[in-house]
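Heads up, the next two complexes both have chain A, just with different partners, chain B and then chain C.
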Partner chain A sequence: MTSKLRFSRKYFAIPYSVLAILFVVVPLFMLIVYAFMDGDGSFTFDNFSRLGNGEVWAVLGRSFLMAFLTTLICLVVAYPTAMILADSRLNRWAVLVMLFIMPMWINSLLRIYAVKLVFEDMLGKGFGLVLLGMVYDFFPFMLMPLYTILSSTDHSYYEAAQDLGANPYKKFVHVILPLSLPGVISGVLMVFMPTVSTFAISEILGDSENSWMFGNLINYNLERGYYNVGSVYSLVMLILIFATTIVADRLTGGKTAKQGGKVL
Partner chain B sequence: MKFKKWQKALCYTFLALVLLGMYIPIIILVIYSFTEAKSIGVWTGFSFELYKELFTDSEIMGAILNSVILALVSATLATFLGTLAAIGIYHMRKTPRRILENVNRITMVNADIVTAVAFMLFFIAVRFIPDGWATLIISHTMVCTPYVVMSVMPRLTQLNPNLYEAGQDLGASPIRVLFTVLLPQLIGAMLSGFMLSVTISLDDFVITKFNGGSEVETISVYLYNKLKKGVKPVLRAMSTLILVVISLILVAINIVQSRRAKARKKAAEV
Partner chain C sequence: MISNKFIELKNVCKSFDGKEVVKNISMIIREGAFVTLLGPSGCGKTTTLRMIAGFEEPTSGKIFLEDTDVTTIPPYKRPVNTVFQRYALFPHLSVHGNIAFGLKLKKIPDGVVTDRKGNTVQRFRKFTKQEINEKVERVLRLVGLEGYGDRHVNSLSGGQQQRVAIARALVLEPKVLLLDEPLGALDLKMRKEMQMELMSMHEKLGITFVYVTHDQEEALTMSDVVVVMKDGVIQQVGTPKQIYDEPANAFVADFIGESNIVSGTMVKDYQVRFLDKTFRCLDKGFNKNEEVDIVIRPEDVEMVKPEDGMLSGTVTSVVFKGTYYEMIVQTGEYEFTVQSTIGREVGENIGLSIRPDGIHITKKMLVANEFFTVMDSDTSIDINGVSFDVAHDGTFKQGDKVKATVDFDDVVLTDYEDEGTVGGNIVQTVYKGSYFQVQVSADNNQDFWLDSEDEWDIGDRVGIKIAPEKFVLEHLAEDEDDE
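So, the complex of A and B:
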């Protein structure tokens, strides 16, 4: 054996590790630093005083209401859709699943444009049209994880429930639903927070009075160069997202990981 | 248990309604790209006028070209970076592996707008990276790479771990082993990571907007600016063109995948 030092495979990760620290981790720290700075670069807590403003809480409340409604509608429509698609007795065409997932790959602004084109005259700009746009935009992201989990669950569980005398209702509540919970949580995660943080949909389909989302607040401040205030709101968003992700991870044993998010 | 006929009919009706809801706006958009009407509802006769306008509109053509270049460059960089990273991370010990896997998850889990703001503040502080192509390529590459890592990683469990060692024992340099032994076995996973990156880059709007989108206009930025003001009919033709191209790409991917699945099945039978 030569005593030459071996090039271990783990060193292949060095370029990405360096770049990820530089371009992903460092910028996040800068976000935190900016939140504690005033326009001249000195330390301050002033930016956080904005969070005492009632209007900010009104926007946040509205965002959560919008996100709740969007998630609920998506879930209620996507769950039965996924169940039918995942049932081999009902769905014998692989192409069908493809048709349902395809809109995910269409540029989301293009899809919002389609909604605007067809429904703006009917509904008028506002909360309702924004809700429609959100549901239209995020529906595939709810369907995908639900379909993935429902189609990979072993069907013998369902048969066992039936053999043991469960009626269809009991079978659903005690067997199908609990087994698909990781998919439900992934789907909720991929619809709820994106609804809160988006700004393009509400800007294009809504009016600033009744349909501003939390994302609009961030965008508004950045467009006007108020980076420090924008950083505070971004920080709030960041905390919300990481808190929900950690909770979701706990609930599903780390299976959420945005799995299948956009995966082919 | 078998489904009764009426139950099946009910299920199919439901699916049809959902599909209809998903596709009606898109179908109307496509139909109305073949008329010059100012708005939906009034059909002013069939014409290709919007398409003529589309192909002579240099701003739109430029935006499409910019999007394609950005997507291809970022996806290529992300594929190499992500594949190397996946190989490296896979062979790490538990603690560093967990740290890197979590770092890899950050941009996937984070809201686009937070990622975009963080990039922007960074680029403002680091003044020597010019706002435009450089910031766009860096930010898009960093956003796409985690997805490549995620698609290559599962494939690594199926590789024979001794091949790399064998290559080195036979005197090949690590780089040579990488290119002649490791990468050829990972090409399928790399390809799906690449395609995923292309679609993520093409679909992105938020990160582009804050990191060079004002200098280099992409389709998303163009659409956003136009949709905020007033909609020109030519957008219908542009959208239809994009829809057709995306559908063709998806159909091609699907055919390739089902062929490979069939080939694998055949190989398994023999």
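So, the complex of A and C:
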């Protein structure tokens, strides 16, 4: 009986495996193949020579700056918000949490166009407006992991800190913050990674001067059929994101994956 | 060691969302004492402890520590430390880090200096790293965890975590150590060991321990003073021996150990009548013919030949409990629980004999429900917003202030709440040998007491019905209702 059951259970994994092969493994493979191929389909390292261009690195740097600022602003705004939401006295029926999550129900492109309509005349297209759109779009991804960890932390830790002589400030620094670190890291990852490779928001809210992002660069090449160069840029982005994940994982001793899973 | 009052609670009340959890508690804890707050869950014992620690602020009343009013002082400024129920050890810190947590925050006096204006100013400093290390080592030795400093707290067993929690509290040299059911999560053997260790620590350190538990055996074993609580009210304060031997009422007797509780009347000093027999006892000072509860511990009932006993009955059940037998003896209407090292056979007729010092007389908590209220019509009274029909000889009119009395026997419970005048929840039942004394908390926030032959489960929904003719009404003089 049990062996039969186990046997049949394996089949449940088939749909996902097919999807994963189709949309992850094959494109990744194609990405690598294209990166080492010239227009005629023969092997070459020429595509990588583009990386010698300082302009490319400047764009990449701008993408990282944008992602860093977005993440920082989200964190600074979301942390106190999450603390308030996690306090059951202030948020008795979790209605407030709903209010913060509700924008996620609407397609992000629609929201970005809404931002454009409202703020374009006020701020003008450019770096600032892109930043505003990014923060608005990704804020819930920072809030949720923070809210989850802060509301699930046993209050007796906080009481123990007070009991041992910690005033509210010390309690925050020595107990609340360190205990919420896995939530902070997973929030940072969930905001940083999609923002660093964004192109739609900067396309809609940016101008071509100071808000041309690395994602736009990749998109530009792919749209014009320069698949080989686009693949090289994508590969660079992929490696950088991969490195970021590993660093974050090291920082929390592998706890982020668990926390992120809980949130998703 | 035991000296003057050290912690004092004065008329302390605490409500959560309008629900009173602690009702007007006053008590004094003497320096160096080991005091246990004992009671069933929901009796307010933990809330009381949390108010002493500073985690909750009383709704009204005052708390004094060494004559200082600390009622509104936050926990981090109080010279008390707490051992939490589930330890609350910081998972991001090592054993050493946990214990050093409080030491690193602490400021200690560091001499006085004179400032430019000529005022003397008390200077403070923090502990040095070396001082902290020494203190941590010393307290780890005290709790028997030498060499565990570098361990991660999650790698420790429950008992070891408990010791770290105690060490973390003790290292700050508090004047009072508060313990909130600290042994609840440990297995029986470990618990017994920790009980002994806590007692020896208390003796060694000489500081005041305030301990919260629902385990009566734990309370009786460890404490100098036991405070028995129920429904947010202190039922009795006394030494473990006093609590066990002279329970103040049927609740305490029922809660502390096994007991037979019988209703009876005091014939006169040193003589009590129950189960249609008159017994000699050691109690006096009751009114003549006052109704009382008689508490008899199962081990105080002696089994003798049927003709030699003051009472006689039939054994209906025998259970071997490892070192003794527990037997139920049916005596007329009443079931006696008897403990003895000698087992009897089921169906055997035996006599029961009780020595005078085995008979404990307690004041009956209540014999009737009393309501001080007004007539809300010519034929009904208002009990906390609910109208009950009453029958009377026509001398009462709407608006009259009255005292209405209903005997416990005359309150009837119905299975369905809408069959009663008001619905309610069963809060407590005390078995009185042949019937249950039941407390019902009605939806109009009024407690009703009644005697019932049926067994009810705590939390059951019931309806409460009182026949109009069962109310005994008395006029209240206008000035009387102020008292």
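Here, the second predicted complex is superposed on the first by the 236 of 264 C-alpha atoms of A that agree within 3 Å, B and C clash if a C-alpha of one lies under 4 Å from a C-alpha of the other, contacts with A are read in each partner's own complex, and residues count from 1 in each chain.
One rule holds in what follows: a residue touches a chain if its C-beta (ideal position, glycine included) is under 8 Å from a C-beta of that chain, and two chains touch if they have at least 3 such contacts.
Remember, it's a predicted structure, so these values are computed and weren't measured experimentally.
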{"item": "Which of chain B and chain C A:Leu179 touches, first, second, both or neither", "value": "second"}
{"item": "Which superposed partner A:Ser156 touches (first chain B, second chain C, both, neither)", "value": "second"}
{"item": "Partner chain(s) touched by A:Phe23 [first = chain B, second = chain C, both, neither]", "value": "first"}
{"item": "Touching partner for A:Tyr169 - first (chain B), second (chain C), both, neither", "value": "neither"}
{"item": "Dominant contact partner of chain A by residue count, chain C or chain B", "value": "B"}
{"item": "Set intersection of chain A contacts, chain C complex versus chain B complex", "value": "162"}
{"item": "Of all residues in chain A, those that touch chain B in their complex", "value": "6-17, 19-21, 23-28, 30-31, 34, 77, 80-81, 84-85, 89-90, 94, 96, 98-100, 102-103, 105-119, 121, 136, 139, 162, 193-194, 196-200, 203-204, 215, 218-219, 222, 227, 230-231, 234, 237-238, 241-242, 245, 257-258, 261-264"}
{"item": "Residues of chain A touching chain C in the complex", "value": "154, 156-157, 159-167, 170-171, 174-175, 178-179, 181"}
{"item": "Partner chain A, residues of chain C touching it in the complex", "value": "53-55, 74-76, 80-82, 84-86, 88-92, 101-102, 105-106, 168-169, 172"}
{"item": "In the complex, chain B residues that touch chain A", "value": "1-3, 8, 11-12, 14-15, 18-19, 22-26, 28-29, 32, 39-41, 81-82, 84-85, 87-92, 96, 100, 103-114, 117-122, 124-125, 138-139, 142, 145, 147, 149-151, 164, 168, 173-174, 178, 192, 195-196, 199-200, 202-203, 205-206, 210, 219-220, 223-224, 227-228, 231, 235-236, 239, 242-243, 246-247, 250, 253-254, 257-258"}
